[in-house]
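Each of the next two complexes has chain A plus one other chain: chain B in the first, chain C in the second.
Presenting the complex of A and B:
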């Protein structure tokens, strides 16, 4: 961090908030609100003279409330810049002039109560999102007694307790009597791996953090008895198994089974844990002096704001979604944006550093080249045909279409941002948008050739490139059988499937049309398939109005791994096809 | 109580109720009987049909 602060080509903006992001890869414009520090960060030498005279005492956030700070303070010992900051909300009467002691005490006259927040704008080529995570708050898990029993603390609070720069200068104490606890219990998976309460995912770091903490205790106080209650220990990283074995060899007891309940001895303040030892197959009572809840990681509470500013998407666990889980694990779906650390998923320091280095390199490659190559499947707007309705700009998941509501000028595609999903082309009712390599004409020709002969025997399937088409591929390589009546038409995204393609297929005599794409959480174009669903819903209404059974238009989300589902759905389509009569087909052709 | 709506599966014909509010973001829906995603919301005026 100090290196970053000193680097001549890195500008570090602390106490700042990104308030707006405009533009696209190579041309981002970022607006940042620089909050007033009320202390001149260049002049302040962190001498602490102000701190000594400040009469206000507040809980120290960095020590999780285990120590106190003043209204003017340094957030934590290694803070960069090392200058102090004045929290105006804590300052006496919210009016520093009424007190003014700190300004009087400062010889260098760095304190300025009139400092104002400032908005600054930057132009940058790439963005790395490293916004981190929060930790799970176990208060809702009442059975563990966190906040009810003082000697139940979280693993993060323990980190502060055992840190030499922490509130006890690294002395392990238990909160009620400030004595060294003789018996300590760690409980794993608090807020993780639970479908009911907390989160269903594994938080990745907690097992090894406990193994490390147990060794720290054993190194300093070998006499302390340590019990770790766990579901399974996940020690999969390099050297981790070794560390786990060392901890066991040092005498740490690993007990398989999470306590169902914790009670407190009201006198001694000891804690009684009731747990089933799954290895032994019996229920055992354990009395300990202190319990450490190994809390999981949760997405940063500000993630939704960042997600909106940078047009990102999130996985079902709330962490940011990468462009591709295997091939582009560092890239965001928005070009020129990369991830580092827990913003993308829970990970430890080593993995965070690895991802951060990769993100820096990915950004560097783009910036040293100075130009990018884009795939030739982007959207193009014909200015003559565009009626400036703005629908395309509204549906584009990447904000790749510029449209000025006031000026009513034709919309314009920023090709560097366009990913080629085709949602805009499917929504434009004026036919002003051409998708390169997936033009209306190309798709219509495919429909026509699919239904050229005996259309009543065919099922037209629109499949998106990434998921359902890949699912079909998977069914193929798995040698799964599905009916030969199926005719597949590939689009990059199901969002490309225009209403007119579906109607054209029916007009040519298709008994059944299936629109298929990725599951919502997997959409390769952030949210383009939400428009697919909306369009299909509208089409159901339209077909019904015309007296056509809406059942003849089907919708299915199939992932690349769901070869079995693909084959099953194709069989279902064939069954539906058999139920469509010639009269129905002829009526539809006449009506549409 | 959360708002609900009537849905019909266009694959197997199953009808069911599920949470729904016009203000919600679009959601992936599946028929509880056959698992199909061809799930259509039955709008108020069409309910009698």
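Presenting the complex of A and C:
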């Protein structure tokens, strides 16, 4: 940690949040909101003079409320930067009548109540997302009595209790009587591996964390009786099995089965766990002095913000999705962005460090080369055909089209800014825009081939490259079966799907056409899929006016992780197809 | 709908149907698909291969491009999200613009999802190859744009992962901006006492 603080090439921005990301691989423009610390970070020596005079007492967040801090404080002794921070919400203020004591006590005059939040801007070539995770809050699992019974604590609270830098200086005590608990129970899989409450996935670290915690207790206080209630002990990593054996050899009892209920002895404040003895087939009571809930990990609550800023995706568990689960495990789908640590999935420290080095190495490959070729999928405007209506400039999510309303000159594409979604080409009614590598001709030739023979048996599916098409790939990888009637046409974005593609498919006898793209927050072209929706809605009206059932044009949002949904939608399309009669198709062909 | 092709040169398309071991050929009759492709307009050569992505598989494509003077290549194998870069590079090596390659996703979008309907899967595969060949006929060479990569990185989050990534990058000589929401770096790791399996301190 201190290495980071003193490294000449690391600019550390604490109390800071990324608020805007523009640009593309190699050329990201970042805006960071740096919140006021109210203490001069460079001058403060963490001498504690201010702390001694501060009259405010608040729960210490770092110790999870097990200790207190002042309104001006150091988060923890080894904090980097090692400067104090003033929480203005807790502070009584600088009005001399109210308080202002800390500023008076500070010899170096580091405290500035008028410090303002600042916006910092800089450019970077690569981005590493290491936003970590949150710890599961077990309050909703009422049967375990967390918050109802004082002597039921979480594994993270236990970490603070057994830490020599923690509120008890490392003396294990139970909250009610501050005495060493003689009998301790750990309960595993709290918030993990449950379809009903908490999360269905395994949180990866909790088994070994408990094994470690049990040994920490046994090393200091061998007389303490420890029972671990578990579903499975997953000790799969290097050195893990040895540690598990050491714990068992130290006398820790491992009992299979999670207790169904915890009761409290109102006098002694002891806890009675009810668990099923699977061998005997009967309910057994275990009385202990303290219970530690081995809580799982959940996605960081800030993940949705980061996801939107960098146009990332998430897997069904809520953690960030990698570009490929095996071959590109640290790359994000957005080029130039990489994952490190629990942001991608729950993992232990060793795996986090490994992934962080991998992410740094992946970023290094780009930066050491110093340049990268970008796919030539950009749009081009034919100046002679352009009528200077300005629609293309309006739909471009990247403001990559220059258009002067006053002068009425033909619009112009700024190629370096064009990401190639194709929304402009789809919206241009004069055919003035060519989308390179996804031209009208190329797409129409695919439609015509797909519907060349027996069009009544086919479903035409437009799938965007990043989400729906990849969702189809995921259905394949997962071997999810669906009817073979679908013919998939890939476009980079659903925003590329021109009205005329859909109408042409109907004209050629397609019973059903599906347009599919990313979910709104996931669109790889910021918001190009909003235009997809508007266009499809317009088409629904048009079809209805012509006497064609609008249901024959379908719109679905399918993410790259939703293989299951992709297969389900394909089955639904086949059902819809069966409901379209030949007469209907012929009528449509005549009307359109 | 009227479709006009801008170019006038003679089209010479090569189609390469991949078995992918049994991944595709276990469901789809690849030889039947190849036979069908031989009858498509402008197709001058069709080849089947056990693993087209392998070194010999790629060599076959390169040899055929040279031998038959191909100006369009259709590879009917797996998802373009996986091997498009591989086959584009193969084309480029023998002087064919990489954008003249078209991929047909017979594995993820056909053989793996219609495992119990081999006949219908084969019919679909033929359609898919036909769609790929049609599209290939209208492909145009493209020039890729080169952009510079700024030699600096943003690391979001100052836990153990963010710290490690920042140090690695900074030690490699790059400017690093490490952004942390809390007043100190350290993350969850800093709250933990000892760490498994070596039982050493976290900080």
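Rule of thumb we're sticking to: the second predicted complex is superposed on the first by the 362 of 592 C-alpha atoms of A that agree within 3 Å, B and C clash if a C-alpha of one lies under 4 Å from a C-alpha of the other, contacts with A are read in each partner's own complex, and residues count from 1 in each chain.
What we mean here is this: contacts are C-beta pairs under 8 Å (C-beta built on N, C-alpha and C of every residue); 3 or more make two chains touch, one makes a residue touch a chain.
These numbers were taken from a predicted model, which means no experiment stands behind them.
**Q** With both complexes superposed on chain A, which partner does A:547 reach: first (chain B), second (chain C), both or neither?
**A** After superposing on A, A:547 lies clear of both chain B and chain C.
**Q** Looking at A:572, would you say it contacts chain B, chain C, both, or neither? Reply first, second, both or neither.
**A** In the superposition, A:572 touches chain B alone.
**Q** Chain B or chain C: which reaches more residues on chain A?
**A** C
**Q** Quick one: is A:10 in contact with chain B, with chain C, with both, or with neither? Answer first, second, both or neither.
**A** After superposing on A, A:10 lies in contact with chain C but is clear of chain B.
**Q** Please indicate which partner A:65 is in contact with in the superposed arrangement: first for chain B, second for chain C, both, or neither.
**A** Neither chain B nor chain C is touched by A:65.
**Q** Touching A:520, do we find chain B (first), chain C (second), both, or neither?
**A** A:520: touches chain B, not chain C.
**Q** Taking the superposition on A as described, I'd like to know which of chain B and chain C A:122 touches: first, second, both or neither.
**A** A:122 sits against chain C, while chain B stays out of touch.
**Q** Return first, second, both or neither, reflecting whether A:537 touches chain B, chain C, both chains, or no partner chain.
**A** It touches chain B, and chain C stays clear.
**Q** Can you list the residues of chain A that touch chain B in one structure and chain C in the other?
**A** none
**Q** Give the list of chain A residues in touch with chain B in this complex.
**A** Within the complex, chain A touches chain B at residues 519-521, 530, 533-534, 537, 540, 550-551, 553-557, 569, 572, 576.
**Q** List the residues on chain C that touch chain A in their complex, please.
**A** By the definition above, chain C touches chain A via 1, 3-5, 79-82, 99, 105, 107-110, 112-117, 120-121, 123-124, 127-128, 130-131, 133-135, 137-140, 142-170, 172-199, 202-203.
**Q** Of all residues in chain B, which touch chain A in the complex?
**A** 10-11, 25-28, 36-38, 40-41
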